[in-house]
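Below is the structure I would like to discuss, written out as structure tokens.
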Amino acid sequence: LGGGSDRGGDKFKFGVVTSLSGDLRFGGEVTRRGYDLWKKTINENGGIEVDGSSYEVELTYADAKSDPSTGADAASQMITSEKVDAVLGPYSSNVTLAVAPIMEKNQTPHISGSAESPRIWEEQYKHTFGTVPTVTLIARQAAEEILSLDPTAESVYVSGVNGPFSKATASAMRDAAENKGVEVLAYDLNPSDTDWTSVVSSAKSEDPDLHFHGGHIGSHVSLLKAADQLNYDPNGFFCHYGVNTSDFKDGLGGDASGTFGATVWLPSIERTGGKLFGSAADYAKAARDEFDQSPDYTQAASSAAGIVYQQALEELGAAPPLSDTEQSKLVSILEDIEVQTFYGDVTFDKEGDFYHNNTTTSPLPVQLQGDDDEAVVVGSSASASEANYPVSE
Amino acid sequence: MGTENDLTVRDRFQALLGRDDAHLWLFGIGAVVLAVLPFALSTFWTRIALGALMWIGLAQSWNMIGGYAGYLDFGHGAYFGVGAFVTGIVMVELELPFVAGLLIAGVFCAVLAYVVGVPTLRLSGAYFAIATWAFAEAIKELALILEITGGTYGMTFPTGPGTSGIPLVGWPDEMFFYYLMMVLTLGTIALAYFLFEHSEFGFRVKAIRDHEDAAQSLGIDATKIKRRVYVISCVIAALFGGANAYYITFIHPNDVLAPIITDQMIIMALLGGLGTIGGPIIGGVLIFLLNRLSSLFLGNTTIYLPLIGLLIMVTVLFAPSGVIGILRGEVGREDVKQNLRELAEKFDIL
Amino acid sequence: MVSTELLSQSIINGLLLGGIYVTVGVGFALVFGVLEIIDFAVGEYVMLGAFTGAIVAPMVGGEGLLVVPLAFVAFFLVGVVIQPFIHHVTTGDRPMPLLMGLVFTFGLATFMRGSILTIFGPNTRNVPTNALSGGIEIGGLGTFPEVRVVTAVVGVLSLVAFMYYLYRTTGGTAIRAIAEDRDIARLMGVNINRYQSIAYGVYAGLTATGGVFIGLIYSAGPGMGLQYTAFAFFMIVLAGLGYLPGIIISGIVLGLAQSLTAVYLGGELVFFVLFGMIYVLLLVRPEGLLGKGEVA
Amino acid sequence: MSADTPQQTSRSEASPPVLRAEGIVTGYGDHEVIHDVDIQSHEGITCLFGPNGSGKSTLLKTLNGIVPIWEGTITYGDVDLSNATPDEIVREGIATVPQGGGVFGTLTVEENLRVGGFTVSEQDAYRRRREEVLDAFPALEDKLGDRASSLSGGQQMMVSLGRAMMTGADTFLLDEPSAGLSPALVEDAFELVERLVDRGARVILIEQNVTAALRLADHVNILVAGELAFDGSPAELSDEEELMEVYLGL
Amino acid sequence: MSETLLQTDGLTKRFGALTANDEITLGVDRGEIRGLIGPNGSGKTTFFNSLTGFYTPDEGTVTFDGTDITGWESHRIAREGVGRTFQIAAPFGNMTVRQNMLAVQTPKSVDEHERAQEILEFLDIDHIADDDASGMSGGQKKLLGLGRVLMLDPECILLDEPTAGVNPALADRILEHLRELNDRGTTFMIIEHDMDVLKQIVDTVSVLDQGRHIVQGTFEEVSTDDRVREAYLGSADDDEVPV
């Protein structure tokens, strides 16, 4: 028992608190792949360079088990027993909201590569940062673009799961429609394990042009299956989060084609590129080599979180282990940082509702197309493909 | 070694338990050890210890209504959650300190438990179990749609100096919560001991558990006694809920009102030994540590889930009186063999 | 703007949803009423059935319906092997046998759920079917999803088959005799181990079969069982404990309450209304909606 | 009344085998209740008396297989039943009428009989036995479709005895068949037992209604604290004044 | 001096279509031992349940010592002074025999432990005082039921077949003790099927048939009453074979 051993100073040590078991294990695994790939690549490149000498990166994991209080204990374990220099954060807002106060108490820097809920940033935690733009931005911007597809939609049915992330998503979708002057026929929140035929029946009787849905993968699958069973087909479904995951595609077993989604990053995307991985395509290749599957934006954002630390540490110029003052300094550096990565440009807001959230990376609408349901960017951006719209199967 | 050589650890334990003042001694020694413990532990381990203390207390609170009174409360966790939210609402909306929040949560849950108890305790057996379960689920769903609980966005507690309402401690750190949980848990254990093991009240509660009609015919006011036990045990759960919420600083209905909270209390009480003082202590520590520390030993896998499942099944099969039964020598090698033989007979299905 | 089409569609949805609950409730009512087992693993049999569908269907030409007989037989056998354990912990000189059975099956459920999660991961999986997709539109009434209709029919048919077995055959009579007094049934020469195992096996097989259908309707995931456990309990309470035919009524009531609440009161309220309703009904009518159950 | 002219079946012509238990030791958990007891089924009615808690029911339950024995042997004729299960014992021809009758209250009378005839696989044999039972207890004929719980105590006792007869047994183990019955029904119950004997069966009978039971007894055992205190004929018992007074209250 | 202690007036209890107690009007005098007989299913146990608050009577009243106790909760009735036993033994199975005794809500003044020991010795179950009650034999459970109501020490005790299944030698001693208690002022009402027992102990007998109170009188009067013979005694005191 007792505290962790005094660690040597030859490596930067990062604690990762994420859900490796429990309901959120799927998302937790995605973040883990992102963090791992960053670590592997940077160590192959010799490590983080500080004042001419390089230091390798070490990751140590603690399982939050999808439970906030376990997450808080895990965070404490990272800081007091493992004595890490900084923390890479969990998946899901509930766990993040329990972990963040521990970071405040111990004044330890903390970047999440996956948390998207606006709730986190409203709390104005000084030590917590996030590389994924909040869903309020992602869902809204993607929705607005989808609403602009031709023929322009005149009405939309918004449904969602009554969960913190999902509700924020659905309400962002609704805001987008209201912004564009499109009639919102309903804003219909449901428990995640409800029977979605009720939503589908209500929607069908309203006969909207588009159906927007905020939720996690399980609810998308149930919703779309119910729509199929009841012969409900609007011009398109826009679901967020996770249409570009194997979980979603497997869950629907081939019926996923045509579904719209939102993302901030795709393997095929054009980004300035920068540190560690030259381009999105480079990153995607490295990820496929390592894990045998395509990365999604959560994984990319998790790797980007590592890259942000990397640049911040270089700027800090202190060798590991970091002292308390160095950790505080690292936080101030993060506040002002500007990093160019394969994932996009990353900066953190310094005030407002999105305090410490990276709102720079721009969101894009995507659609699953083709035989293997590849996600392609649609909409108005330069590189966008032609959308299949109104969706025909 | 001397002549005590022949005594096994179990014999000694039994000898100790056999003494009239054994309980007092155990309690005293335990309290002293607990009081100095955090000075020997790192913050992380202090957190683990305080978590274990909380679960011991929660398991004991369930044991009061479930083990001693025999009313299988499948909605006990509702009070843990309601305690958490009431504490939070008092702190956030009324901007009162934590201590006030906790007290108000206790009183609120006492009233709630009384009001709920009057009709619900008329049911028994599976009916009571299912009714309390449905009640707890309804409470959870309510918390998810109400405005004042933060709905599905959850609730964040105010932290920082002054929010606790206790002048001695500034910023509420792990030590503060450790001693808070210690006091609550030791208090719960002492209360359970005096109520159920050291008074005629205890016999009456058990009489109701074993045969309610007969108890009534002997002048025992079953309705009142059951209600009393129910209210006490619910208030204890609420106090732990409030304390835990302030400690975690963020609560969400899906977490503090999750059915798994109740399930854990039940499993802990049962695995340790129902209707005993020691059972929930042993069960609480065992299951909590297994849950929380499994990743230290087993790596990052979910294998601890089937393992806990197996552990529960094996305990019920071979040590129906729980781990405390093993310690008391009720479950020896012979009993296990006997059990196996009887079990084998039941496989005669052709 | 009340649309009659939406109303009739909601009623259809509710009734068919009730059919899904019936498939889960039937077996559960049997083990509860007859074997006096409160089986916490009921939802996990549903989950295992759905998973069997997801894994086996691709091997049999992507047709989930073909998995049904296999699931029944496989889980019948599983049930036959598990029953002696449950029998063992609910008899003998154990205190609170009801609780013992409950906790044992709770352990069993945790074991099942945890094993599947560990082996197959947390992902949702599709249970494919080609035979049943889409819905049949009936003008003026609404759409009847094929897969849900078939599920409801299977649920009701298994209830009828159960009733026939219990009330018209010697084996069923023996099972009812066991329900009343195990020892006396033994004294009449009934091999109670066998008959209890058969009953539990049929329950496990049927519930897993229901699981395959539920997989076809939704999908399969390791965490899906819990809500069916809750619903199974509520089914038998509303039916009146020990009263098998009541299962149909409780399915209909639960399904309609869920569907109509979602459409007319708001989706967020569905479970609040449902759980609240069950709680209140238990307080005012513990003998079930039809008043035919036994009250403890 | 048909009691006087019982239907002779092929079974009752030869006297049934002797059910013999020797050196029986058993109990519950670690607690030994029966200490080395011998008992057997004599011709006619063998009564088993004794104080409360002396182990009468326990001893009977070793004979029907509900309570396993720790030591000793149980034989039926030349069949060894020492470790047999209740259903094997029933199949050998030994039936039990549990204390209070133990009818299945939620089942109909007909269904009770069906469960009684559970071990009879042959349809003809089943029907023949059912005839015999209804012959012996004509009062049941009208009640076949009624729930057994709706019957009066005496009728329930008939169902219980009839159900035992359905098994095809010729040795009957009866645990206090008269307890709780009104005087008229006590008479009935004893009369029913006598009818069984008239049909050639052997009966082991536990009774606290000693006076009435002694009138029927062909043989008497007295069990005291798990040991046999007396084993002999009623006539011999009347010489044992102390036994009679202390244990039987006579 | 004969003064009515327990009085029912038109007491009626129905179960669906069945009227288990049909307008029973019956008074028990202070200090007497009243027998209550009737065929199986005639409503005797139901009558006790209605008297002691386990059933709420559909009609009629119960008065005890001048107080109307109709509809009271059973524990209140017990504390008021009406104790009872159960026809089917109802021990607290997971407690020891002694704890069963100590659970009883006794008046504050008595030394419960001493009293419990005395009663257990008298009933001949003191040797198993510290064993679990669930392991007792059928008769022993009945004795414990009696022991517990003696702990309660009420003014009036209702006994539901106290000697059924009890060994005759012990039954005699129980009756003797009841008589002793009666001498000291306790009033009894006893349901009993054994005519020999009744003859020894009761002052008067009430007879129920099909839920109705048909006769009341001394043992002699009742046992020669035609209605009673027909409904209840059958051939017991008669040579005619019942049909």
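Residue numbering begins at 1 within each chain, and the chains themselves are lettered A, B, C, D and E in the order written.
The rule is simple: a contact is a pair of C-beta atoms (placed from the backbone, for glycine too) under 8 Å apart; a residue touches a chain by one contact, two chains touch by 3 or more.
Predicted, not measured: the structure shown is a model, and the values here were computed from it.
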Minimum number of chain-to-chain contact steps, chain A to chain E: 2
Remotest chain, chain B as reference, centres from CA atoms: D
Inter-chain pair with the most contacting C-beta pairs: B-C
Centre-to-centre distance between chain C and chain A (centres being mean Cα positions), rounded to whole Å: 38
Chain C and chain D, separation of their C-alpha mean positions in angstrom: 43
Centroid distance [mean C-alpha coordinates] between chain D and chain A, Å: 77
Where chain D touches two or more other chains, by residue: 28, 85
In chain B, residues with contacts to at least two other chains: 141, 144-145, 275, 301-302, 304-305, 345, 348
Sites on chain E at which at least two other chains make contact: 93-94, 135
Contact footprint of chain E on chain B as seen in their complex: 200, 203-204, 206-207, 209-211, 213-223, 275
Residue ranges of chain D touching chain E (in the complex, touch as defined): 1, 28, 31, 50-55, 57, 99, 152-154, 176, 179-188, 208-211, 245-250
Chain B partner contacts - residues on chain A that touch it in the complex: 1-4, 20-22, 25, 61-63, 65, 67-70, 72-73, 76-77, 79-81, 94, 97-98, 101, 104-105, 119, 123, 162-164, 167, 191
Contacting residues of chain E [partner chain D, same complex]: 37-41, 87, 128, 135-140, 142-143, 161, 164-172, 193-196, 232-236, 241-242
Residue ranges of chain D in contact with chain C within the complex: 28-29, 64-66, 85-87, 90-91, 95-96, 98, 102, 104-107, 111, 114-116, 118-119, 163, 167
